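Both complexes below contain chain A, partnered by chain B and then by chain C.
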Partner chain A sequence: MTTLAGPQHATRWARTTRWLCIGVGAVAALTIALGGASAHGPDPTLSGGPFGQNQDLRFRWRSGSEPTATIKTAIKAAAADVNTSRGSKAATFTYDASGSNPIGYGIGATCGVNGLACFSRTVPTGFTMWLREQGHVFDWGTLKWCQAYTTPPSGCYDAQTIALDEFGHIEVLNHHDNYDNDADYEDAVVQTFSRTKPTAGWNMHAFGRCDVATLQRQYDMQSWTAKYSTCLDLTTVLTLTASPTVVALGGTTTLTATLTVADYDSYVRLGGNPVSGRVVTLQRRAPSTTTWANVGTMPVGASAGTYVLLQRLTADAEYRAVFASPTTEGLDGDISPTVRVYVGGCLGAAALDIAIAIPCY
Partner chain B sequence: MVEKRWLRWIGPGVVALGAVGFIASTTNGAGARPWTPGACAGPPSARIEAAREVVPPGLADLRTTPWFRLDPVLDAEGASSGRRLAVGLDGDQTARITDLSAESFAAGPFGRVVLVGSDDGTTSDLRAIDIAAGCSWSIGRERAVIRRATMDPTGTEIYEMRVDRVSRADLGIWLRPTDGRAEAHRVLAPIAADGRFGRTYSTEFTWDLAGDRLAIQSCGEAACRIRVIFPGGGPAVTLDAPDLGLLIGLDGDRVVTYVACRGFPCPIVSTNMESGQRRVLAESAGPAVVVGTDDGIRLVHEYGTPTGRALRSVPLDGGTPSDLGPLPDGLDLHAGPARADAATRIPAGWILLAPDGRMPADRSSRRPHLRHIPDGVTVPFDEAAR
Partner chain C sequence: MPRLSVRLSSVTILCLAQITTACTTAGPTPSALGSIASAARSATFPAASRTPVASRTPGASRTPVVSTSPSSAEPPAATLAVEGGDPVAGQLGSFTWNEGGSDSPWLPGTPVDVGAGEVLTVTIADGVAVDDWSARRVPAGTTDGVGAVRLGGGPAPVTFDAPAPGSWSVQVLVRFAGGLGSAAYYWQLTVR
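The block that comes next holds the complex of A and B.
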């Protein structure tokens, strides 16, 4: 007997390997598909790439294979779930009787022998989707859609969740790679194994954080103030400038911090993004000392990703900006390089552009 | 001799297609008629002979080639109330319709024969229908549920996959003679439970191109395991990589499968069962078939282009792919029966293109076409079968 090794079991989370495993493009997607991804990262991607940002994909019911009324309702609800939980500029789905993308049910489904539903995606033009019919018989037994019952029985599948899973595939998402014990199952709707009532996750009606993470990487953020999925672990870059760097005694300087996502290829569309609306703190210390003191939170600047605070100085000072790792999103904190601002003397006078009676040496 | 065997099995094993130009107009139109085949007369040897006929060597022979198609029948609530089997010969203008239970299947064609299994909730009935003769005979009745069946290349043996009626537990693969001269016996144990694959959705049989090996594929929700046995049973070679999906074809030691996708596009790989070596045949493919051609065994698959979809042919040994041109509007490559729930046989070196990759649903649908490999010559199917 020859038993061939499949992908290695998920390794425990490690930041380095995690990012090594974040594939981009078809080749990387294929690598993931064939070789497995590290556990508990953003969902892998399918080949073919994403649709356009905020592209509105309009679907209709397939002629001759229309879903039942309750399944139609579930599919429309799943489309709304996409639109409200995508957390990105991922494509949206809208029912339109004249839409170009058919969704079918039962008759004529070409899903193959396995699975509850299936899809095809042809970027950038469109997609198809099928759901099996209620009562379809598999080796394990008979398919029950929860929507077919007034009181859904145990063992039924939630059609809204399954349709949301399919919409996620159509976007670009491949099956999430769970921990061995599936403790992170609810981090993604797009799963290899669908769950039945009442197992946790059987009726998820919003993308999970690791679905959203990949949607954000592939489609970008809706705004620079929007939160990054906690399934991401993005390095940020915080810089600080002072203008001017030399002031007269009692003069002021403008300290401007700029926060961006590090521009790594693996971050796909997120690399280099300005990060606005976060808490960036300015710290100060006297030159040649080691202790930093908080000056205060830097107000948001006029430009995306900037934070600005004016300082009046009576002595030379060193400044740095601090962005602490937030607990509510997937950004790593960063501390800017130190900036020194000089006060007084010839340098200060020069900075103020005033006449000097005594030559400076 | 070898070539003849290959030729015979290239149809059911590889093409395994079911799109026929006039079928749409018959399954739903005036040409369809309910049908209950009568009992076949004659000795068992004649029945076996019916399953031995060769694949059509030329397009003109398509007129006597059987086809079948299975569709769910839904009640007013949209639930499955049964399945409708349509059968016929490519040269007929009339499809014959038989209603089956919700738990039913069809397999083949094997020569002139289509195997049909149907379970009424208490008993599974397995029958063989000689499409050309318009008759059938019983293969067997079982208390266990017969989920799938296939016929061996000689037409003398039937392989069945069974599950327990109550627990739905896998009962393994069973073998019985086509002529009923002996009881069925188990030739392969139930496949072991494995959390990497989940519960089994379907078990499918696929013969290799030479008819020398039988692949038994057990699929979970997305991933599949393959066990390959030689005729009569014997030790199985198992491929249980959970990143592999549906089987497309089997050629000697090589299995051609999708990876464990739930939709298209999906990568296709060739895996050597002995060495475990893999070769990526297509990184982003749609429906696909493994086809015998004058230029060797090739994978033919759909792929996306900036302007639509097209067909590509890839040698299984990883040679240079060749493009077969764009798909005609409204037509898809007709895949094997595990995907299409429909099948017929076509001559070696041809592929079949049909609406939605299976038989058209009504008269207004596009007519299926045949396309030749590797030159891409395309002809309407019903004209070829005329």
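The block that comes next holds the complex of A and C.
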């Protein structure tokens, strides 16, 4: 065992303390950034899991408990909202008079004492949904659906928003964890408490970004070029290969970058996804130097998640690919490891039949 | 269990205090650590001489506690109590439970009278365990929960201090252990 004493010990202690402080600072910053607990992130999920990818769930009106015409319109509109805003391969909802999933309206609603609307789900076979009737008297007041009025009054609930909330639950979504002050209320339709006109969020007709984030994790992306929800914060992995890694003077190498989502279990279906159609930049520097220069944007390659650029070399060079964090989606940027390409001399140059400005000896 | 939590919390605070001090000074001083630990103790343990002043509002309706299993349609009842006071069942708002659920507004809550600073404890019936919880309040009569202010939160047990004197609608949101679901319960606190 080595015993440290005097200045050497002091230096090591100072170094250790500095790293400890940096670590503690980072943990503290992370804790503050996360706001404690699980506030504000992708919606939690229900334990029963998702339906099949793009499964078409067909619904009908419950016999004897059919909604009014305006509520039917609102529910159908909410189903369309799901299909256009799911941002994933989440299940879709389609009205079908002979569908197997009943949606009811009225006094038969099994929504507990205080519920405006409710659902049940049985994966993978189906679901039920109920909306209370207009004028239902609760302990806390009388239910007003905005759709029941030509000019909706303050304090009414938008049936389209409420139905979208229920469809979100049926997909797999649990109530969103908001910031304490609900500043992020509009990041999710699937909320712990519903809002009335004219409070912000009362008439959302598309899933919020944190609803979509969970739908993406549970059902996957519609395509490799589709944008990831900004409610996500996914680590990406960028690699770079050169082929060949040794070229003749003036020879060409093909640099191929591959961008994927990191393969973490917590990313569920998103882990390992190729990420196509983004901006990946190739950078170059001379060996033993530190300054990188942009070569250019790498065009999209033939394979999903690849970006390819050819380079002609007259001297050894180091390359790396850079994917900058985009502001429009929930991906973190990454920089590939460095790849070195060697120029092997003049032997191969003649075969290339090119003019080389550098004399060969 | 609470005693264990207190001990772990104290250890955590002590460790953090030690590291924080090391980051700013040459080393921790016993007096600094002592004051932090003592602050942690006083924040955790209510004064032994505290007099329970809470009581259920006379005439307030009280929802009977229903035995609940994971196969029930609704989550179990939740009761709020202060030391020495009667437990009062909360109004059940939005919930998810057993692959079903219901959506509600921010509810006014079951009326309860408590004293300022009183420690409030929420208990879930049927021994259903809680993973984590949060409590927020708005002035009674506020619609849509606008302007909610946090009262507390974290892992079980569900315990927080009564807010300042006034009339408040308090939401306690719990996430049940084992992926059973979540539920919001409401009480209307009159704090003297």
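Note that in this section the second predicted complex is superposed on the first by the 306 of 361 C-alpha atoms of A that agree within 3 Å, B and C clash if a C-alpha of one lies under 4 Å from a C-alpha of the other, contacts with A are read in each partner's own complex, and residues count from 1 in each chain.
Here is the rule we use: a residue touches a chain if its C-beta (ideal position, glycine included) is under 8 Å from a C-beta of that chain, and two chains touch if they have at least 3 such contacts.
Small disclaimer: the values here were computed from a predicted structure and weren't measured.
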Partner chain in contact with A:Val82 - chain B first, chain C second, else both or neither: neither
Partner chain(s) touched by A:Arg195 [first = chain B, second = chain C, both, neither]: second
Chain touching more of chain A, residue-wise (chain B, chain C): B
Which of chain B and chain C A:Gln134 touches, first, second, both or neither: first
First (chain B), second (chain C), both or neither touched by A:Leu116: both
Chain B versus chain C as contact partner of A:Met221, first or second or both or neither: neither
Touched partner set for A:Val172, first chain B, second chain C, both or neither: neither
Partner chain(s) touched by A:Gly155 [first = chain B, second = chain C, both, neither]: second
Chain B versus chain C as contact partner of A:Leu46, first or second or both or neither: both
Contacts of A:Ile71 with chain B and chain C, given as first, second, both or neither: first
Chain A residues contacted in one complex by chain B, in the other by chain C: 36, 46-48, 110-123, 139-140, 166, 169, 174-175, 192-194
Touching residues on chain B, where the partner in the complex is chain A: 71-72, 74, 77-81, 102-103, 147, 161, 163, 168, 170, 196, 198-204, 218-224, 235-246, 259-267, 269, 271, 273-274, 276, 278, 280, 283-284, 286-287, 304, 308-309, 335, 338-340, 356-358, 361-362
For the chain C and chain A complex, residues of the former touching the latter: 16, 19-20, 22-23, 73-74, 91-96, 99-108, 132, 134, 136, 143-150, 153-154, 171, 173, 175, 179-182, 184
Footprint of chain C on chain A - complex, ascending: 17, 20-21, 24-25, 36-38, 44, 46-48, 110-123, 139-140, 155, 157, 162, 165-166, 169, 174-175, 180-182, 191-196, 199, 202
In the complex, chain A residues that touch chain B: 1-7, 26-27, 30, 33-36, 46-48, 64, 67-68, 71, 105-108, 110-123, 125, 133-142, 148, 166, 169-170, 174-175, 192-194
